[in-house]
Amino acid sequence: MRPSGRAPTHLRPISLEVGVNKYAEGSCLARFGDTHVLCTATVEQRVPGWMRDGGRGWVTAEYGMLPRATAGRTDREASRGRQTGRTQEIQRLIGRSLRAVTDLKALGEIQVRIDCDVIQADGGTRCASITGGYVALYAAFRRLVELGIIKKVPLTDQVAGVSCGLYQGDAVLDLDYAEDSAAQADANFVFTGSGQIVEIQATAEDKPFDETQFLSLLGLARKGVDELTRLQREVLDLA
Amino acid sequence: MRPSGRAPTHLRPISLEVGVNKYAEGSCLARFGDTHVLCTATVEQRVPGWMRDGGRGWVTAEYGMLPRATAGRTDREASRGRQTGRTQEIQRLIGRSLRAVTDLKALGEIQVRIDCDVIQADGGTRCASITGGYVALYAAFRRLVELGIIKKVPLTDQVAGVSCGLYQGDAVLDLDYAEDSAAQADANFVFTGSGQIVEIQATAEDKPFDETQFLSLLGLARKGVDELTRLQREVLDLA
Amino acid sequence: MRPSGRAPTHLRPISLEVGVNKYAEGSCLARFGDTHVLCTATVEQRVPGWMRDGGRGWVTAEYGMLPRATAGRTDREASRGRQTGRTQEIQRLIGRSLRAVTDLKALGEIQVRIDCDVIQADGGTRCASITGGYVALYAAFRRLVELGIIKKVPLTDQVAGVSCGLYQGDAVLDLDYAEDSAAQADANFVFTGSGQIVEIQATAEDKPFDETQFLSLLGLARKGVDELTRLQREVLDLA
Amino acid sequence: MRPSGRAPTHLRPISLEVGVNKYAEGSCLARFGDTHVLCTATVEQRVPGWMRDGGRGWVTAEYGMLPRATAGRTDREASRGRQTGRTQEIQRLIGRSLRAVTDLKALGEIQVRIDCDVIQADGGTRCASITGGYVALYAAFRRLVELGIIKKVPLTDQVAGVSCGLYQGDAVLDLDYAEDSAAQADANFVFTGSGQIVEIQATAEDKPFDETQFLSLLGLARKGVDELTRLQREVLDLA
Amino acid sequence: MRPSGRAPTHLRPISLEVGVNKYAEGSCLARFGDTHVLCTATVEQRVPGWMRDGGRGWVTAEYGMLPRATAGRTDREASRGRQTGRTQEIQRLIGRSLRAVTDLKALGEIQVRIDCDVIQADGGTRCASITGGYVALYAAFRRLVELGIIKKVPLTDQVAGVSCGLYQGDAVLDLDYAEDSAAQADANFVFTGSGQIVEIQATAEDKPFDETQFLSLLGLARKGVDELTRLQREVLDLA
Amino acid sequence: MRPSGRAPTHLRPISLEVGVNKYAEGSCLARFGDTHVLCTATVEQRVPGWMRDGGRGWVTAEYGMLPRATAGRTDREASRGRQTGRTQEIQRLIGRSLRAVTDLKALGEIQVRIDCDVIQADGGTRCASITGGYVALYAAFRRLVELGIIKKVPLTDQVAGVSCGLYQGDAVLDLDYAEDSAAQADANFVFTGSGQIVEIQATAEDKPFDETQFLSLLGLARKGVDELTRLQREVLDLA
């Protein structure tokens, strides 16, 4: 029995609220249960120095967490003077995942920065960031189309992420913090809307696990991402 | 005529929403028009090293802004590796203001950290932080009383802040960003609920101003803070 | 009775020594009693990047304190790797105050950096910095005029600062360190030579104070700044 | 055809040289073709602060690269003043992988630091670090046993890592740099000697891939890790 | 002919002014011509952590330069966030030189910090720092004797430093900045009052030099240090 | 008797292995007994900003040490976020020494970076760095000649360094770590192949020493450098 009382195959209540920020070209408040991540997309009509004059665009991400997003307070990275390794690892993952479905050539020399700020954290913040970041990115691209800056939304597919783990011997979907801390293993899966693999990160927390267990996690993740991409389409009014 | 169309003596629509964070001992989402600041209070049963064994408590504040809280994106302080001078100046002001109404001796060796994170910025973020920070602080103290850790809420008065400025020759209350950027002078006033002065910061932005003008700002600020402290009492269910 | 034995309305012995540095375009050693601040002005014929090609100049300030300027030794900011919030707050104040009386358009694309280094500190270092910084700035501008780089000194007024405070219930002028540490409230006032307000920063240190008290401080400050600007004119041989 | 001319299922020439450092409690120079990583194990008879008095030990890793380990010179992290996100991500992976096969309770309050320094890089440095790090760790533990500090080597299994990727549509084992830069996807697999999964990190570099392709990579990795753990046993003279 | 017009064997006008700082346990303003260095000694009744309970004392030094001490302005190390290599090299040299004549055992568990801050720089700042630092250190020790904290001044000898160089083929004493920048080689010599060698740093700036030239520099330095240590005795009223 | 059993005039076994790095334009693994330093030369066809368009080249050096190069582990400078003063002092010395024999004008606008990384340390790492750095630099220049980028190797002489010290009253050559830690004084000498002085750094570690002792060190150093430069010629196949 999971601490949350959910069935192993159930996501938490998910909501993706579009357009929550007055200024950003695209924005989405992603809620996976008590995990709330505010994602904003900022469009810049110039790419990083190393890409200049290559005719291609770029999508990058940054990730942060408010100090009291967590049960105990976490020191502010700005006052410590550096981002932790965990923060950097997560923001690299979000950026890679979003680029995997972006046609950077079609985008042209434009950069989109996705900021994912965790307002409240209860496990699964990186997956909520990817899932909500996609929505913010789509919204920003749609706005560029409306403004006539690009011809069509340069996304080749949808992308979303979900975590799974082995909790007391069972494969369970969408771990909250209580489950995550007690899991034998946990894994983050990022898939496209059409079911292709973008990223798999599976880690034995407590002890190594076997291939059969891994394949159960993979199956659960597919189911979860299917639900998430369906919701993305719904909030973005896509067919 | 103000860009916002408000009368010179009018605040923006204000809301103070208590208890918005699942984990913090006290929290308040302060909205001054389109300026939204999330304030959380974290209680720690130990004071900073330099105060230890003095029998007194401490209240301190930190301030941050999400990268896309502003019209243009601002680089994340965590990725730049340091807080700006402006950030430090603001968080010192918030801390001083809250300590001015806290009975640190009655609190005992407990520290409360107030985190003020600007979710969206449209001028007046430091005043919204002080006003909302007071609510979060009160809520945290009330919780400590309920838990029997302290006997009564160790606050000697309320405290709130508001900005005023000279806009096209007129003294106006509660500047939004458009007004602030075009103001000849702007000032932040922090008063207690009983009308005492906690802090005055008046600055000539464009050109020096005279004492009469300053006194008009002071008068407007009193009116604004009165409204803010009345709202604080309301949301905290105080008589 | 003040620890210093001074009457409430008396400044400490003040001296402003011009031309104390061999290299700087302008310099002034400002002494407010035992507070000694060395102010130098450095002229650069280029403005910061964000101002370029705007046809306007810039005046900025930096502030530092020698480690043993104070009764106890303070760690060197250079070895700690960052300036404190207090340092940044003070240098921003000095810069703002000097810009308030500078005609940046008349200056043209020139930047002047005012360095204020506290050789010895006994309270009131920021006010001594502004008062001496003005002298260094004037001297540097006069030199630019002599060199034919600008036509006339692009200053619209003088500027000086002084602190006041509530000490044992009384409003007193120009606090030294002993008075400052025991004050109920302290305030820094920056006025122009013609009596306009440039900056007011009043802070309740121990407990909030009322408007009458504030107005006494304001009155004392006017008197103090009048004496300081008279001395500035004297050392600069202005009419 | 791979740039290296190897069959898809072939590792590069591998060597694990034990005892290459005069001072370290354990050391191993791991060579995967032209990738050379020097791994040293340092034993400290105290654990990090947050673990103290818990009766358990700790294994952690750091990773670095000499500036000219790569075809073009990379700036030294020490002179830039911070480790990159990539470095931190890798060293966290190495530490996790080694801890997954260490019985931290049996180790007792001892910390082992594994330093993995890349002398020359031609792809696969993190996998060479894990594989060589295990050897250094084993050697250090064996020394502690010889010194009578612990009773037996507190390792529950072996651990090694290998990379695989999709190169021109084919799954290939142990990518060198030329292959890695042109791969459609690449993945790092960390398995135990008994074939359990410790970590899987699969990333679409160029475009998403499907599950069948992923399973081919998984199969190749098993074969590669089997060879690596066999070699580990050989150089450590284990049965 | 030297730019300064001095004979090759002549020092600049030297002055060592004792007791210039109101707070420091010992202080000296050392002037070597237009080079002015303020040296203060701070006594702390605790030694660094790594020395604790060893019964020995420590003398250490820090070095800094005001931004406009030099002909062109130098960025403030505090605002750049780190001390340069040159600064660290100099402060290590000052500390070593002073420790070489201090009986650390006789001092007991006391640390003295010598701060050397260059108010104006015209070459030879490190030598002025050592020479003036000795005076500040002596004064601080004398004060500790007066207070009965130590029995006698724990200095085994005097110490002073001077620079020499090869200027247009000639060995010259006590280089000023103009000479230093045009020198073929320059060298810093630190000797004790009794003529022993504490430190020699000789560097070919422009091209290597031969042993005869080096010995001329050595001879000049002896003469210079003799004068400096005589002056030290004079200002300290030593026999 | 020296701990190493060597005669006072004997170097440790020295080897200079050329071409040890697959990518660098020049490289040398310098071994002075158990001190092993990997030196690589990286050629960049652009000089630092402050030299641009001056028609001259530049040679610079960086120095680092692997964490477990030493008997006890040293924290990684990259993870501490800054290079120590010692590191900076050493890398400045290496750069100066190599530039002293380089004809920067003949080199043209090319920069060579010499990276000296200590793989294992047993005293004398800076001297091994200079000696091996010269070999790497020569090799890189020879390669540029072969590629037709420069006409001839722009080196005016050879350069090498060796340490000497006073150990139990005797002058001894090429200190290892055990000797160095117990020495009364130690000195580093850098000479050219033709016997000119490039740099002398002599330091009293324990107590000041006299000129006769210094001259013995100087004599030993000459002998040592002669052997080192002979070996350099041998490994570089110079006449």
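We call the chains A, B, C, D, E and F, going by the order they appear; numbering starts again at 1 in every chain.
Keep this in mind: a residue touches a chain if its C-beta (ideal position, glycine included) is under 8 Å from a C-beta of that chain, and two chains touch if they have at least 3 such contacts.
A quick map from chain label to UniProt name: A, B, C, D, E, F = Ribonuclease PH.
These numbers come from a predicted model, not from an experiment.
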Request  = Determine the set of chains touching chain A (Ribonuclease PH) that also touch chain E (Ribonuclease PH).
outcome  = none
Note = In contact with chain A (Ribonuclease PH) and chain F (Ribonuclease PH) alike are the chains D
Touch-network distance, chain C (Ribonuclease PH) to chain E (Ribonuclease PH), counted in steps = 1
Request  = Tell me which chain's centre, taken as the mean of its C-alpha atoms, is farthest from chain E (Ribonuclease PH).
outcome  = A
Task = Have a look at A-D, D-F or B-C and name the one that copies the C-E interface, over half of its contact pairs being the same.
result = D-F
Query = Just how far, in Å, is the C-alpha centre of chain F (Ribonuclease PH) from the one of chain B (Ribonuclease PH)?
reply = 59
Note = Separation of the C-alpha centres, chain E (Ribonuclease PH) versus chain F (Ribonuclease PH), in whole Å, is 28
Request  = Round to the nearest whole Å and give the separation of the Cα centres of chain A (Ribonuclease PH) and chain C (Ribonuclease PH).
outcome  = 51
Two or more partner chains touched - positions in chain D (Ribonuclease PH) = 81-83
Query = Starting at chain A (Ribonuclease PH), then chain B (Ribonuclease PH), how do the chains run round the ring?
reply = A, B, C, E, F, D
Task = Enumerate the contact residues on chain D (Ribonuclease PH) facing chain F (Ribonuclease PH) in the complex.
result = 21-24, 27, 34, 38, 40, 42, 44, 62, 64, 66-71, 73, 76-79, 81-83, 87, 113, 115, 117, 119-120, 122
Inquiry  = For the complex, give me every residue of chain E (Ribonuclease PH) touching chain F (Ribonuclease PH).
reply    = 82-86, 88-89, 91-92, 96, 100-101, 157, 185, 187, 191-192, 195-204, 207-211, 214, 218
